[in-house]
């Protein structure tokens, strides 16, 4: 942190900043300049609010010069993180594809989807047993029964399972049924939940909050990493903007800086990102070209009858065609699918 | 819901829409028009996704014609909701003031603040025992110990307590210590938590999510109301926009439509809304003038030493001066403080 | 500007920053610190892009420490700017009200509105002769003929006229007809237009761009001031956000910082800010309470038949009632109306 | 337009809506339904504000059922528009690349850049003679002298020129020097300028406004088309959001719906879209994969010394490497570069 004084700041005002820094158990370092004085500080500044200094008399600005996240940052971990999930490598050499229905609706459709995906070479199935729904009157997911279905499908077909955890109460049950535990966009800053999955031994797929900055997203990952779980996948799924041509604005431009600042793998979800099935394939390819390490996409045997997210869900033929394009592009970009 | 067909839609396409409506257990009503056909439907459409129809061939648009929230809507409950909180009336005839530090830091400062507030005629204290913090390395609140302090202060001074619940695990403990249970902005769509406080018998103050639409906010309230807890206060605290002159953009323009659509009381939090203490008094008065039913503001005996949110926290003299202006303006606007 | 080096920056990298600063005709000042080096610079840094330094090797961040605007800033001009407009004082001691129809529709309705306004003690009329319309097929305003009507109404009634200039071509004509030249939100960064009105001798009302930061808004004002026209009024009229409960999000929270950073008067336009007439009065009062120096509001003899902006336009009785509340509140807040 | 009445609307209220429709010179069509009445209308509704009906008693909602743009819409023009620019085909079969410095700085650097681009097979040069700058104190471009340089470079090298027009005053001069006239983001709704270039005979590249919806962007194009100039290229260049990891948020998700709604070619500008040169190549490829028809990118012989936009400008080797990837990807996607 660097506190920049105004050009007309008095020595007394500088003194009070020095004192305020000491009050935070940090060591101040006064740096007099040609026109103004700057004051550096050393110690653990990660948790210090820069606003604390900015309200002091004579202060022009306080600037954070170290990143507030540690374990998630590339400074701490130069190389890209890679790890296997149910036999699929996630990391910089591959483009991992996760697909499936928004929610577990019944055993038959999950089996059918899993078998279709395996036939396409896709080894990770997404399907929610617990569903976060805007309306209390909407289908809330099959819950524990849905987890049983996922376990059965995993056993019989060998497909890996990605499913969402919404509440600490079901953490054990979801961890048992899942190969990857998904944290949804509405829970990106549900800190109790983040701390809980920090203790899980399964990888965590952390969706970006609808209005989260990159720093906040990495800080949410830091909660999981700080708990001892180092297998975190970041997943961009669209943010809230004024634009009304899509359900959310898929922010592909976050992919390059996320990968520059962090060593964690980054996935892209064009289904939630667009909200419209017609636009999913183009944005899936764009995510791959932008440098994402994986894709999460909603597919359903009969999307028009899906119990949730039907409008943004593609059918089997569309998905198969998409996978063909994905393989072609991934080949050019040097990634294995 | 009304499904508007394209002008070139075929009878066959109309037929498939009719079928899709029946597939949702609703009754279709075909309305042929001069240039195009519209298809209405009756039944419980609250939970039906309009996108389901919009993806069908020949459909131009589906329009929701009833609100998806029921209990929160003014259609169901014409009169403004009013209820007492620790002896303070919350509702359209008053302007309720809730004030206090961001977090419980120790017993002494909470007592000191409570006594100051009571001396100002303010009977509701805010202070967090559990704190949602962006960084896992930042002060996370005193937790259960903080709740004990709040209970002690409430017993000794008689002040009402507003404090945040972040996790279902502590619902009983927070309900016992609080007169109003606060749900924070990051948890506005933590549905497990909303369902849990729907079972509480204490009023709930529901902060608007950082990027929540008015409809989503009212739907979150609906979760609480649907659980049987009818005492919900909505609290605007700033939303995420491109603007960088304030920490958040305090959206006072949501107050009039919130009150038009819903009977629930609406509060305003200018501390989080601006993030800068110098701007808090002006925005508090603006909230009152915009029609808010109450104010939530951060005040601390020594804001520069606050463990959290110091930059947006006002000191005692500033707060006392603000209360003077609030009383003057409330008088003109016909509200008792 | 202060360039903060990374802690592992080499002397060579510091050297290249020093050179880059000299390359911009500025003088570098190296400030070695405990853990890292910062490099200040003196000279005219207002127009220097900080990104120029941030891309250099070893640089962590470049921080602008002086404001890029000069004439608009309070540093250059401590006291609030005040000036008369058609006999009405604009500045910190008053709350100036500008009202009228969106557009000049015909002579009769402008006269009728002017007479009504004068009967309410309102001495400034707004009405557009040139209208910026999203659609090329929509009514584009009466143009030069509309200016003639405004001149006639001004002569006969003595009311002051505020009207929009959209194109340099009509600058002379608008200046002649107007007491205040309005620059609309879509033209806030139409620099040719800003330079042109910098040469006018009539005050300029500069609406904030729909997605303009406070700094960009003040920089736009700086264009006018730098041209020699020191009578600029800033007018907040709502910004673009994800929120859908109002046409725009009226950002009242910009009023206090705008007045803190600049000496220029700040007005609020709740008509465009909300887009819905039912919410205009509440937001007008909120603007006054937030510290605005004036109000711009759309009023029409028969809003439902207005050729433009009808939905956000109030009728005469609503306006009269609003003026009553404005006077009461302004009295409490120490402003003359 | 369809006006949906509330379920409790009276026949009298329906009558007043019918009257209001007639008042707009349209023909009303009453469509009684099971639970509510809807009222359609025929005639030219493109310029009618739906808010006009929404404020009437008994009205629940008015829904626009035809697009307000005509000439820009695919309904009017099924096939993709394609046209040649300086020997380069722009349209669905190609991926057109426009590159060059932000601004014309001197003759030497423009020549050097043009020659480099031609050596890379790039036949369209971008360079601004007139520069829109946030600060009045920043370099404003070389103006007419810059146009002379562009003409000379075009003559000598044969490269096509894309350059910005900011003011109607210079329309003739820019049209003479340019093969494509660029309208910048700040002028997307400068309607005087749009009308003027509607009369030009050179293609227009229309950048999306920083906070323009897709509909507003197409309506801006409609202004040009309605003037008789049918050669319009849409160019996405990033929008304003809360995100702070990039200068703007490049909204690639607008590409598929823009191409679905309109027949006009769509380009992508990752330089302004990201604001950081390190992220330009990845986003350029992502734009191509998203379905864009062309790319506009800033390249400079020595970006660190560029007079404007240096931080987002790539150097020659980076550009050459990018072109290699572009060709590979375009091959897979079936486009010629």
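Note that the chains take the letters A, B, C and D in the order they are written out, and that residue 1 is the start of every chain.
Heads up, the rule we're going with is that contacts are C-beta pairs under 8 Å (C-beta built on N, C-alpha and C of every residue); 3 or more make two chains touch, one makes a residue touch a chain.
Not measured: the values here are computed from a predicted model.
Each of B-C and B-D has its own count of C-beta contacts, and the greater count is at B-C. Both copies, chain A and chain B, contribute mostly matching positions to the interface they share, with over half of the numbers common to the two. Chain B and chain C have centres, each the mean of its CA atoms, that are 31 Å apart. With centres taken as mean Cα positions, chain B sits 26 Å from chain A. Per-chain CA centroids place chain B at a distance of 39 Å from chain D.
Shared interface positions of chain C, defined as residues touching 2 or more other chains, are 211, 239-242, 276. Against chain B, in their complex, chain D makes its touches with residues 2, 4, 27, 29, 31-36, 38, 40, 42, 60-61, 63, 65, 211, 240-242. Here chain D touches chain C in the complex through residues 20, 23, 44, 46-47, 49, 51-52, 54-56, 68-69, 132-140, 166-169, 186-187, 189-192, 195, 210-211, 216, 219, 222-223, 226, 239-240, 275-277, 303-305, 308-312, going by the rule given at the top.
In the complex of the two chains, the chain B residues touching chain C come out as 211, 213-215, 238-246, 249-258, 260, 273-274, 276, 278-279, 282-283, 285-291, 325, 328-329, 332-333.
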